[in-house]
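We call the chains A, B, C, D and E, going by the order they appear; numbering starts again at 1 in every chain.
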Amino acid sequence: MAADTGETPADGFGRVSRTKDVVFRLLALAATLIGIVSLAALLLNVAVDAVGWLDWQFLTNPPHPNPYEAGFLPALVGSIAIMLMIALVTFPLGVGAAVYLEEYANDGYLTRFIQLNIANLAGVPSVVYGLLGLGLFVGLFNIGYGNVLAAAFTIALLILPIVIISAQEAIRAVPDSQRQASYGMGATKWQTIRNVVLPRAMPGIMTGTILALGRAIGETAPLIMIAAPTTVFGLPNSFFSKVSAMPLQIYNWASYPQTEFQYGVVAAGVVTLLVVLLTINSIAIVIRNRYQQRT
Amino acid sequence: MTSSETEPTDDQTAPTPGTDGLADTADSGGETTFDRTLLEARDLSVYYGEERALADVDIEIPEKQVTAVIGPSGCGKSTFLRCINRMNDLVDSARVEGELCFDGKNVYDDDVDPVALRRKIGMVFQSPNPFPKSIRDNVAYGLKVQGKQENVDEKVHTALERAALLDEVEDQLDSSGLDLSGGQQQRLCIARAIAPDPDVILMDEPASALDPVATSKIEDLIEDLAEEYTVVIVTHNMQQAARISDKTAVFLTGGELVEFDDTDKIFENPEHDRVEDYITGKFG
Amino acid sequence: MTSSETEPTDDQTAPTPGTDGLADTADSGGETTFDRTLLEARDLSVYYGEERALADVDIEIPEKQVTAVIGPSGCGKSTFLRCINRMNDLVDSARVEGELCFDGKNVYDDDVDPVALRRKIGMVFQSPNPFPKSIRDNVAYGLKVQGKQENVDEKVHTALERAALLDEVEDQLDSSGLDLSGGQQQRLCIARAIAPDPDVILMDEPASALDPVATSKIEDLIEDLAEEYTVVIVTHNMQQAARISDKTAVFLTGGELVEFDDTDKIFENPEHDRVEDYITGKFG
Amino acid sequence: TGLFAAEGNNVNIAGSSTVFPVTEAIASSFSEANPTINLSLSKTGTGGGFGNFFCAGRTDINNASRAIADAEIEQCGNNDVTPVEFQVATDALTVVANPNADWVDCLTVEQLREIWRADGATHWSDINEEWPDEPFELYGAATTSGTFDYFNEAIIGEEANHRSDYHATERDRTIVQGVQGSEYAMGYFGFSYYSENPDSIKAISVDDGDGCVEPSIETAMNGEYTPLSRPLFIYVAKESLEKAAVRNFVRFYMKRAATDLVSEVGYVPLAEDKRDENLETLETTIEEVTA
Amino acid sequence: MSQPDFSHDGIRTARGTAFRYLFMLCALLSILTTVAIILTLLVDAVDFFAQVSLVDFLTGTRWSPTNEPIAFGVLPLISGTLVITIGSAMVALPIGLLTAIYLSEYASDRRRAYLKPALEVLAGVPTVVYGYFALVYVTPAIDAILPVDLSTFNALSASIMVGIMIIPMVSSISEDAMSAVPDSLRQASYGLGATKFTVSTSVVVPAALSGIFSSFILALSRAIGETMIVAIAAGQTPRMIDLTDPAGMFLDSIQPMTSAMVQIGTGDIVGQGPAYKSLFAVGLTLFVITFVMNLISELVASRYREVYR
């Protein structure tokens, strides 16, 4: 390379070969796009396959072994019921834990231990949470198998670390000058948290929680582990109703013998699930954008 | 330190700052005039971990006057100010030794609730920090947290008026405090600080983030406030200290209070060479 | 600007800095002695977006001497330095107008490859920035990227020796460059810059992050380097400029090169009042 | 009835994956008429359904592709669950191979035993020297399923064990895909999974001594398809019939079990006299519990 | 002089304390969760190990919980997990690292602003959907394109899908680490006449190595714990892998730990015998493996966060 460099500056300074640079750049760009593009291709495929299957009767019927009569309603409603329950459980617990860690806890061993533990819990496989739900809620507390409560509690534990971590980030983003101003006015810690910290952190907390709910709505393995039923026909009518969920129903349908299920009904279910997920995530993004300007 | 032994006199008139004060103070030499002492530090030291940020400070701050605290960066001005309302409690590593008395009561006594203490002391910070709430809610915040729920609207108006902001915001009390200009925001913070009617107002470089026009409004306001409140103001701007304060405390590096006296005296004829060097810009 | 028209003379001896130089330069008036010009800016302007950071600079920097660039903060010193090796190319918003010639060739010509250009110009930054690699790999880095793979060990030794660091690190060449003291790190960065044997060494406030002892070592080193390299150094420390440089360029606010002359002349008898004000500390 | 009404509106069913499609079809049409009743249906296999759910008192109904075993009756008894048996359809357990396996159309029971028993044949050529010298790729029901039990009993018998080096799965779809994917594959499952995929897999006729018989609804109904045709049941917990929802659903089920609904999912519907017999049993039992 | 009253207000103090402990309880819940996970797994696993020896479990090479002859050797399942982990690592690590380099060194701010969220979508797609994709689209596609004999259920398409799913974990954590590399190091390198390629590969990547390493471990831990993709697409054949036969490793059906857990969990297994309890023994094994990996990743990451504060 050095040899390329001309000796007399009057002729310029020579050129350094950029082949590697260009090749590498293209390679890196290709790598960046590969996942996105392949996902897009698959989504396109599934969307095409869902055409003709994803219709009103699909969304309002109960499941059926005949692909032309099969419907998604109980799973759809089940997912939403579980999700609401999860939100009710994780929001207060997650915010409470985040407030403790950010506002109360000093930087001692206990705090660091809790923090490390939360980070670790966020990485525990969901199937293990399923076993936890099975042992704890179905077994020990005897809530019953495969019902709304057991499902919601199990998945709530699964997403709690994610909610806590994002709530902590939101609380940490509240400028310290705001807290100082409040303490300076003679506010107590709780008054400061309630009147200054939480209102300001709320959009961030909400965004994080909703995104975590998006994760919750796609969870399947924990439901399988707590013996959620293969198929449900009615709508959940109590906390103790057996419940199915969209991903679980999709998983079940994927095992049906007819190709109409493989390439039609399941595709319709996948598209429905993704649309619900996308809606949830866009709500989060709207909240984030709506409040982000004000800082 | 030089002047802290002198007893308060009955002379209620604060020496007027400016050049006319020069002759007085120059004549009176070490002798200074004092009002009733409201805040008094005795052997006050503050440590952050191992590092000493304030070293054996003795000072008597008179009631209903403006006391300026000046000194080079890092000399402990803010630390001193934050001792008064125990905001240093919020810093884990901070440790206070010695006494700081508010009206004769040591605020570091065990039976003192810092929250109750802070309700008697308003505080205004370096850069304006209004809450992302309406102007009204900003000013009413102290009243709310302190449980003073009667006549809130009236008190909000009075506070805004005293802070010389009412005219400018009267018909937008419900719009956000963040929509105001920097100078207005800082006056809003002052209104917020005085709304619960404290005894003392602490200001930590309240105009350092502001442009000259806004600064001069704040300076006028501070002089007015001294009619009713005891004001302690930290500033890095010596001209500002000279313009608005009655008393000036000069801290130098190491957290040492080198000289405390009438402002005119400090600026025209300081006792210590180091203070003179600092004021004339030879050092710091 | 005043001096940039003067032709280089044959006088190879750089004027020695210090008080004895005073008489010479004072006598010679606008007339200055020049070596062969290596770098020459003509009407050089730099814009960051809309803002102009360098305004029509004309300067001729002589070979194998130390040229100091001084001026108040934000006046464009770093910008000028980074023009020479086209580091400004890395700033998206930066735009350069005019010419900057290296040995007669405009480095902003289309056929100039900035990467090739930079291989002729070493650069040392404000705070030491060794790579988190071994000392040896740090110094060898430039050789490696430039494909100069022969005698690497020997070159590394020579560079460390020239940078006056060899004795201190000789038996720890494989330990991390980050384990050295600040002053050693900065000398390591100098060794790294000279190892590929460039023609010019640019230094942007190379001692500002260092303590006085480390600083004086670096200053000694810079004077030595000028025997073989053309050194351009930005500094905010006028004493430093006076101590180590042969020529001094004074930029003032707005990116204007107000005066460029022998260092002695600038410090003892500048042409411009603004320069005098700046040097005596009345401004900036 | 609001969203969170009483537990009494729930009907919980688990059990055989073979019977699953029948119950699913009937439950689906039942719940369209009775949307407030929450019917849940799990595919756990016959034995799993009895052992973990039905006899433990956790479900009201168990689907079964074989009759309940004595041990299971005992377990139910211990938990005060009284199983009431209803046959709901007949199945033709079907052995399938890849359509490209043109060398094989019919197997005798002995040949099947040789293929599926432990330490038996490993290559096609072990059965018939003219067949390819390629190893079997075998897909079958998971060991605890009713299908496995039935196949094991009917083909392997007492003396030998079912081999264990095969792809055992609860999910019959897996078998379809597996057999479809390999020329040397073979599998077995309920007839419905074959009838849904007649083009991608091929059914093997079975010779039980009287010549090759193709599995079909007809051959199962007229009893020619032996030994692999079998009755399918549901078991209802007598105690659960106290709940109106369960009563209504089982009544509905009995009526529908004799219709095309069953043949649509690939099984042989119940004969009408059998249906009437069932309804009678049902009503008698209901009277006993509601009395 | 009457002293001012700064005394403590009982109600105020009590309320403050109450909230403190309430919030603390929420935080401690996370520790309870960990304890509960360990206990629930342990209680049943202990039952299991009372019937099956730990040594047999850890060293056995046959997994057949319900089929005679019964065997509970976990190694075939760990093999299956290993295959998926290796396969997904081959997809995700290079792609994720290159993506991180692209985002941190090459992409303009604008481009990064839409590429990053787009990548995060990858991690947000439910895994059951990926499993379905793998089985219904990817396997047939590979079968059609490559001249290989691919089983319907195979490790290959499952690995690819798991790999795609974990790309964002690698790329976003690595990118954070690369962005944390001070610009001064890049400047130093450019100043010596380095090209962008050299700056990226010889300065940025080495300096961010611990962060990159931590992202790798975390992503692999995620791959190890991934359940639905493998349960749907990788098959149910517990077998020992033969490292000398990479084709056989990927082209055929396997069974990772998670998939075995799903099979036992949904399977027709009666009662409380070792077949059912083995679910918890495998779960415990999985938990221990992923927990250790997460811990390592977290410790490595906290080290790199310290290097450039």
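Keep in mind that, in the parts below, a contact is a pair of C-beta atoms (placed from the backbone, for glycine too) under 8 Å apart; a residue touches a chain by one contact, two chains touch by 3 or more.
To keep track of the chains, here are their UniProt names: A = Phosphate transport system permease protein PstA; B, C = Phosphate ABC transporter ATP-binding protein; E = Phosphate transport system permease protein.
Note that the structure is predicted; figures quoted are calculated from it, not measured.
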item	value
Neighbouring chains common to chain B and chain C, by label	A, E
Contact-graph separation of chain A and chain E, given in steps at minimum	1
Averaged-CA centre spacing for the pair chain B and chain A, given as whole angstrom	50
Inter-chain centre distance, chain C versus chain D - centres from mean C-alpha coordinates, in Å	87
Centre-of-Cα separation between chain D and chain A, whole angstrom	38
For chain A paired with chain C, centre-to-centre distance based on mean C-alpha positions, whole Å	54
Junction residues of chain C - those touching two or more other chains	115-117, 119, 146
Of all residues in chain A, the ones touching two or more other chains	16, 188, 227, 254
Chain D, residues touching no fewer than two other chains	43, 174
Complete list of chain pairs which touch one another	A-B, A-C, A-D, A-E, B-E, C-E, D-E
In the complex, chain E residues that touch chain D	64, 66-69, 150-153, 235-237, 253, 263, 266-271
Residue ranges of chain B touching chain E (in the complex, touch as defined)	102-105, 107, 111-113, 115-117, 120
Residues of chain E defined as touching chain C within the complex	182, 184-185, 187-195, 198, 202-203, 206-207, 307
Chain C contact footprint on chain A (complex, rising order)	1-6, 8-16
Residue ranges of chain A touching chain B (in the complex, touch as defined)	106-107, 175, 177-188, 191, 195-196, 199-200, 294
